[in-house]
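Chains here go by letter, A, B and C, matching the order in which they are written, and residues are numbered from 1 within each.
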Amino acid sequence: MSVPAPHELIRFAKERYHAFTEIAETFVDAEFHFSAKDNLCANGFQARAGSAILEGYVPPFDATPVHRLKTAGGQLVGKTTMDEFGFGTFCVNSAHGIPLNPFDIQRSCGGSSGGAGAAACLIPGHIALGVSTGGSISGPVSFCGVVGLSPTYGRVSRYGLIDYGNSLDKVGLLSRSATLVREHFQTIAGPDPKDPTSCAQPQLPTKGRMPDSLAVPKEALANLDPAVSKGFQEAVGRIQEMGVKVEEISMPSLRYAMPAYYILATSEASTNLARYCGMRFGRREEELNQHFNDFFSGVRSQSFGDEAKRRILLGTFCRMVGFRSRYYLKSLAVRQMLIEEYRKVFEDHQMVLTPTMPFLPPRFEDIRKMTPLEIYGADFLTIPPNLTGMPHVSLPCAYQQGLPVGMQLVSDHWREMDLLEMSSEWEGHFPYRFPEVGP
Amino acid sequence: MDREIIARVAKVARLELTEEEMERYAQDLDDILNSFSILDEAPMCETFTFNPIAVVDVLREDQPGQDIDPKLLRKQMRTYEDYVRGPRLS
Amino acid sequence: MKIGLEMHFQLPTRSKLFCSCPTSAADPNHNICPVCLGYPGSRPSLNRKALEVGLSIARFLDCRIEERVWFSRKTYFYPDLAKNFQITQYESPLGTDGHFDLNGRRIGIWRVHLEEDPGRIKRVGRSGEEVSFVDYNRSGIPLVEIVTAPDMQSPAEARAFIDQLIIELRSLCDLDAQDEQKVRVDANISVGEERVEIKNVQGLRNVERALKFEAARQTKLLAAGKKVILETRRYDEERKVTTSAREKETEEDYGYIGEPDLGEFHIGQMAEELDLKETPLVRARRLMADHGINEVTAKQLVLTSSSLADMFELLCRSVSSEKAVTWTMGPISSNWSALQDHHELWSEVVAAVKADSDGEITDNEAKRRILSLAGVKQETAEAGDADLDHMISDFIDAHPEVLANYRKNVKAANTVIGHVMKESRGRYSSKDVVEEVRKELEKRV
């Protein structure tokens, strides 16, 4: 059965909520409609990844996940707003507008796939391709009250994804329901010769298994906003009512995850962003008479945003002679250690359960008062599975002050179908609410 | 994170920073790196892996082919006599 | 004097190192794709052949081969570098701690690794204000880098080293025949304590010239009681001098990180299973050891054609090695072009030589049998000699610099010998060619 794209709603999501940076000119009668985060390349749309330096770039190819959804009969209806290159927790670092939270337009959608979160919330039946490096799917999913899957690293091809951190980036899905996520995840998963890291995966099972025991690391419960704590505890009660055990455990290495993540992510990002120098992207013909060092520096300084510069500086520093071993190499070691710690937990439990974000969707005025370090710290619950490449889902688990609270389930590598099984089961026990907005 | 280091980092990264930026980023990076010093407690390991999953021996056969027309790419790069014009070398 | 070399050779693959673009010659920016242009979202994927060839070279140089290797990003900014980082190998080269025997001296090999070539820059405009025109056809071409210990003692030895290495690699892995001109070298040279690096010298001849200039410069400085500064210098091909490179270029911080898009490679088994061809100089050494022949003969045999050396070895099973040398370098070599592809005739050639050696037939009779096997009559063979003279004098006429070089160094004759051997495709014995070339050159000097 074909579902025409609700184009009025899509336009509304773009104009009123800034969920999209660009939408299709015409809407066709397709099997389904989907959007792609603006760092996923697609023929006919600009791919600017939230950055002024990619202004006007229309890639000559489709990213593999985009291609696979198109082949399955979907229409790409638009590109969603994001923090510049994925650098942000609140989607306020974009050169192309700030998406507004459908639950309260004074508040953030979360980042960096903020536009995808808003689109998934505003448009019933919509499936949004998002990308997570350190929590960029879970965060917006939690703040926008939707369902989101960040698959195992290497499960979905990254061909056509404008890189942030190549050892961390994962293409995933956001939607109002786990059923839709599951259906389209099966379409986009699988090896692709154009991305060698996608060629190491075992076959995706057709069906997942319900867990019988979840682990909650006590380290994840410190420093939570009371509203989140309360909502999360309610959810734990419901899960136990479903017949699933929930046990508190300890994962002492979690405290290393945040620094290790930011070091690896920015080290990789600072090399990925080296290519934006005016030769091809951010080109200024009139300045070509400068010496190349001045030309490159000029283009980069004028076109990159504040957070991009900060992360380039941090990443460049962490891999420089004299600091590389203490920061970059140590972070690689920490990632390995953390994977082992997860594995230990997975011997006795099938999943790790935590809240997704430590607070409710913040107001833009409060975000402006936060320091960069405080903002980085807001990702402390989503970073561990992202750093270790573990698949995870975020699901609405409570409503507090009229705003959604999210919980995050993490499983061992390649066990996405178990997460989706649990997500569907949860939907049967906890009805989701969506804001009543429309054109 | 003193001025000298941030200036060196900016130079290596090809970023021209204003005085205000220099000072602000130095302060931010200082805060961030101080909080990262917790890593010093973590044990080091000898063998490094660069991906969270094992990706081993993924190779491509030596078969030439181009699936995007280079003409289209040249057009997008606005080449001059097929060359891409760049900045001065000296 | 101590000289160490870092040499870059293009590997003989049909497609680039990390993408499928062809490596063949083309107009500017025709062999390009999103990968070698560094488009965001494109990903590298390693060429199996490049890895195999790189490993063959590492094994040939007797390197230690680690079980597990990976690639790294070396970040620096230059207009020819599409991504502003080069994918290379840093902590984990394909091979380390190898060696190469150069005329009886052991030259240490520190490492062998793979990396991608940047694009090519054409400089346009007035000196000092040149703009760059970039051609990305070369971007992503596979290179092997071979780094030696500072074990060479003179510019001539450095040249001989590269020369012999090229001969070996050409046979080992079908390296491009042009590599004498195309090899790119960074050379370290120290006459006293401090060493100087000369960057990016192209071609065998330029390497030797740059090193000679630098050796003289350092010797002069030291003799005058001055110090040599540790620095990077460039070789100016036109002025034939080395000049100090700008300081800026030496203080780049590459900030190496692992390349996460390629994964890692467990090369132990692949390296073991490679079937290495016996290279000419290695074979020459074996022929000397096995058959007690001298070095000049051994080299002549293997450098003429590997099949001629096969014939020689076949003969050695039936006759003494002296006899085998005489016949191989004489009548057999003169008729080799007719014989080499007809393996069914080889045993009859052996039979003729054996009959002569056993005293059953005369030398002339044996020679006649060989000629008739080759289907060549005596007369045409003589006419062939006239052809040989022609070929030699034509080449010398067309290349007057050879004569000029020959006046300085008799080794310049090798250029002519090489040309004639290649042109005549083994029609004449190498002994004859060498003699005729010498004769002709001496006549003209």
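Annotations
Rule of thumb we're sticking to: a residue touches a chain if its C-beta (ideal position, glycine included) is under 8 Å from a C-beta of that chain, and two chains touch if they have at least 3 such contacts.
Predicted model only: the values in this text are computed from it and were never measured.
The chain with its Cα centroid farthest from the Cα centroid of chain C is A.
Of the two interfaces, A-C and B-C, the higher number of touching C-beta pairs belongs to B-C. Centroids of chain A and chain B (each the mean of its C-alpha atoms) stand 21 Å apart. With centres taken as mean Cα positions, chain C sits 51 Å from chain A. Chain B and chain C, compared by their mean Cα positions, are separated by 35 Å. Each of the following residues of chain A touches two or more other chains: 60-61, 167, 193, 196-197, 200, 270, 274, 277, 279-280, 288-289, 292-293, 296, 316, 320, 332.
For chain B, the set of residues touching two or more other chains reads 12, 14, 48-51, 54-56, 58, 60, 68, 73, 77, 84-90. Among all residues of chain C, those that touch two or more other chains are 34, 37, 45-46, 77, 79, 131-132, 134, 253, 255, 258, 260, 262-263.
For chain A in complex with chain C, the residues that touch the partner chain are 40-41, 47, 49, 54, 59-61, 63, 158-163, 165-167, 193-197, 200, 267-268, 270-272, 274-275, 277, 279-280, 288-289, 292-293, 296, 316, 319-321, 324, 328, 332. Within the complex, the chain B residues that touch chain C are 12, 14, 47-51, 54-68, 70, 73-74, 77, 79-90. Looking at the complex, you find that chain C touches chain A at residues 34, 37-46, 73, 75, 77-79, 82-85, 131-132, 134, 248, 253, 255-258, 260-263. Interface of chain B with chain A (complex): residues 5-6, 9-10, 12-17, 21, 25, 28-29, 31-33, 35-36, 38-40, 42-45, 48-56, 58, 60, 68, 72-73, 76-77, 84-90. Against chain B, the residues of chain A that register as touching in their complex are 60-61, 152-154, 167-168, 193, 196-197, 199-201, 253, 255-256, 259-260, 262-263, 270, 274, 277-280, 287-298, 300-301, 304, 309-310, 312-314, 316-317, 320, 326-327, 329-337, 339, 371-373, 376, 387-390, 413.
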